[in-house]
Amino acid sequence: MSEDRVKEIEQSAEEIVESFVEAAEGLPIKRETYYSHEVYNIMRPDGEPSSGGERSEFRERFIEIMPGSDEDGNLRVEVARWAR
Amino acid sequence: MKMLIGFEVHQQLATERKMYCDCPTNYQDVKPNSNVCPICTGMPGSKPLPPNERAVNAAIEIALLFGCEVITDKPIYIQRKHYDYPDLPSGYQRTSLPIGLNGELQGVRIREVHMEEDPGQYDPTLGTVDYNRSGVPLVEIVTEPDMHSPEEARRFLRQLVRVLEYSGKVRPEAGGAMRTDTNISLEGGGRVEVKNINSVKGAYRAIKFEIIRQKSKLERGEPVTRETRAFLESQKITVSMRVKELEEDYRYIPDPDIFPLIIDKARVEAIRASMVEPPYLREQRLVEQYGIEPAAASVIVSERELVDLFEVVAKEIDPKLAATWFRTKLKKVLNYMKLRAADVRFTPKQIVSLLRMVDKGEITPEQGELILRELVRYPGDPHKLLQKLGFKRLRPAELRAAITKVISTNRSAVKDYLAGKEEALHFLAGKVMKLTHGRADPRKIIELLRAKIVGKKRRY
Amino acid sequence: MGEVTKAKLGAIRNGELSAVENVRQALERISKLNPKVNAFIEPNPNSISQAEAVDKKLKKGERVGKLAGLAIGIKSNINVKGLRATCASKTLENHVSTYDAEVIKRILREDGIIIGMTNMDEFACGSSGETSAFGATDNPAALGHIPGGSSSGSAAAVAAGMCDLCLGSDTGGSIRNPASHCGVIGVKPTYGLVPRQGLIDLAMSLDQIGPFAPDVYGAALLLEVIAGFNPNECVMLNVREVSYTDKLSEDLKGMRIGTSSKFRELTDPKIMGVIDSAIEKLQDLGAEIIEVELPHLEQGLPSYYLIMSVEFFSATRKFDGRKYGKRIEDVCGDEVMRRILRGRYISRKEYRGKYYQRALQVRTIIREELMAALEKVDVIVGPTVPKLPHKLGTSLTPMEMYAYDYLTIPANLAGICGGVIRAGEVDGIPVGLQVQGKVLGEGEMFRVLRAYEAVE
């Protein structure tokens, strides 16, 4: 996407933000709603990890869709500029 | 030159499963990308599992160990910290709000303790990523910039790592388990953050390099800009990361896929009751309970296994003697052999026996130290080791004979001593030690030498 | 009316129609109609073999699942292992899913057959079905008009009879809007009722997966299968038992049904005409119609767009092109870019309070208002969309496009459920009646939908 197009889109993105500021004016201050239903302390116990079989199946698929991988199964990504 | 040094230390927590998925955490033992699943590799549509409770409890315990106030009865949100980096599978890291605040260690303030997940392992020179480590639970400890020299920083970091190991709640492996970022600022310069440090030694080197680099810039009149640099272990230098993706604004939002945690006081008290006594409290108690020097207590307490051993030993023998031995000789032997107290194989009974021999004067302290060295190498009955090393009790007549011989064969040294040169006496003592194969107490040797020479003086 | 799904299931169970035959018919209809309608992005090459497995069970007299033999289309933002979860975007155009979403596991467990991946607005960013990287979808019930969005393909597929049921997702109306435009049943469940593990997010705190069906029974059945607690994600309601097919009565005696003058304020009078008639019918069925107040309803729209943009920005950070697909900013369409940039902008440290957090406060206001209204009544009914769907190819500004969402957004902000049923038409274009229920009020919602269906 060209830089100009991005700029255009960015501008049009802000329309509704301005519309929001108008709409929110005069509305009372309330506690923010981050979650539809807030429940606390949903945790899971530590224990036996997942099975190797499931994971090796996923590994195959994961490596298959990688844009680039090495013979050990590492994902190939960019070399850090500062490390060169 | 005034400097401010601070740390952000990350250490992995000891759990079987990762923080937000059930993949195993033993990332160093397996092939690349095999301890992975859609969640820890950031596959489209994947959602976190509920947080690992053991990790949460471990973080609370660590916060308590550093004397932090644990945040109770208030929601602790898990936030998304957004930044772009190859090792971050979802483009954000899940990091909690502080679990503990306002702690302290060795005079350095601990600003906060919180939980994070580890990113994957990125090799910046090869350009590869392995996500086995991605999602392993981490505890992060942030200090205030309260350190003012590289040595102070190193001392602090060593102690911090020890306390973490003390807790028994962090992954015991070395290499990769502890990572720290350090920030250094010199008077007149900006704050520089250095990342990619994996050891205490590395931190020390990074800090020293940075100080030199920053100092020379300031001396040349160049500004030291606020930036993020990476430490290159092999070359012992820091380089600018110049990565705009690591810009400051992480755009934190509470993770909509994870409910917040609320730690209740009951949980904190339960953890406090069952946790290992934190080092600073144990130190105090050692001083009070056993009447030992605070300096000795501080050293002994630095390793959990060391202080555990000490407390057993101190019940059988004079604690002050034990403390002196633990603080000096035992530590010395361990350092020399590059061992930790956890590696010690001799039994408390054995070391008590050894200390008794010293206490009773059956052997000299120096002999004791040599036996201790053997004891560490080959745990066993110290009496047997004594025989093995050929240390026999020196008869007084043997000692007197040795002294006589040394005096008669070193007349110039004797003259020097009489002329007022104190060192000559030590020279003579050394000769006696050699002659008696170290079986005599040097203090006794000096005493007898002095007496003999002065006595002889009348003849000269 | 309303017997299609039951009849199909019955026919498959008693051997009149084999699962394989059902699937073949669906595939034929797809190949015939899809070139024009473009409801499907990718058919499932394994659908016949899935059907064969079901037929085998049936032949042996083994127990089969609730969805046995039904052909089900899946919106392309839901992971089906082995099929491409493209989100109708070039970003993921070749991305083969590596795992099944939880809802897919549940469908397969009940012997439902995945017939293919349906078209949608790119990354669910739209209300028209025109922004797909694989071409726009047409409205089978009003050809030449938009089918609505973002679950455009799922609605169109059901409307055209290309399959038996579909799954869609709804963030601000993305199931209900196309259900209304295409004249089919569409349900957005209570937030937290249906697992989202495997749903590629638009906005995590607003999205829900829900069913499309030609009849209320079909929607209730599919919802029954996919709904319920999943321990493998955090943000779920603790609902262990679900049943909706037994809530389908045909009378509404004693039901209190709410409606608001605010709807009339915001909606095209022609649409309101259809809705008014529908409400009269509900009254005839024995319901009591009660006026409720929703004074701030329309403020939900801008606050939704701010919240959703921030969450979408966060959700799309993983599309960096390193592990799969391409970097999203390199290949996405305008509306996706718009939302990413907006989200990026308003989540900045210095703007958070003013925009993001303020929007979350307005969300509280909308939520409280709706909850208060729902204290007085069992359900709230009204129009689904404030204006009729435009002709394909018409150029709309972003604000004009967002305006379709006025009436559907509040349910997402509040986390309540909402279902849509065809109530009539204007100029040949379907108009849907929206029935909104309380949190976990799907029972009442389905009751009203079914009662209405029975008299239509």
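Labels A, B and C are assigned to the chains in the order they are written; within every chain, residues are numbered from 1.
By definition in this document, a residue touches a chain if its C-beta (ideal position, glycine included) is under 8 Å from a C-beta of that chain, and two chains touch if they have at least 3 such contacts.
As the structure is a computational prediction, the values presented were derived from the model and not from experiment.
In this structure, the chain pairs A-B and B-C differ in their number of contacting C-beta pairs, and the larger number is found at A-B. When chain centres are set by their Cα atoms, the one at the greatest distance from chain C is B. Chain C has its Cα centroid 23 Å from the Cα centroid of chain A.
Per-chain CA centroids place chain A at a distance of 38 Å from chain B.
Centroid to centroid, with C-alpha atoms defining each point, chain B and chain C lie 58 Å apart. Across the assembly, chain A contributes 34-35, 39, 42, 44, 58, 62, 75, 77 as residues in contact with two or more other chains. Within chain C, the positions touching two or more other chains are listed as 95, 98-99, 205, 231, 234-235, 322-324.
For chain B, the set of residues touching two or more other chains reads 38, 41, 43, 49-51, 86, 129, 256, 258-259. The touching residues of chain A, counted against chain B in their complex, run 34-35, 38-50, 54-56, 58-59, 62-63, 70, 72-84. Contacts from chain B toward chain A in the complex involve residues 15-17, 21-25, 31-38, 41, 43, 49-56, 75, 77, 86, 122-131, 230, 232, 239-243, 254, 256, 258-262.
Against chain A, in their complex, chain C makes its touches with residues 81, 95-96, 98-99, 191-192, 205-206, 231, 234-235, 237-238, 296, 298-299, 302-303, 305-306, 309, 321-324, 329-330, 332, 334, 337-339, 341-342, 345-346, 354-355, 357-365, 367-368, 397-399, 402, 413-415, 439.
Of all residues in chain A, those touching chain C in their complex are 1, 5-6, 9-10, 12-17, 19-21, 23-24, 27-37, 39, 42, 44, 58, 61-62, 64-67, 75, 77.
Of all residues in chain C, those touching chain B in their complex are 77-79, 85, 87, 92, 95, 98-99, 101, 196-201, 203-205, 231-235, 310-311, 313-314, 316-320, 322-325, 344, 347-349, 356.
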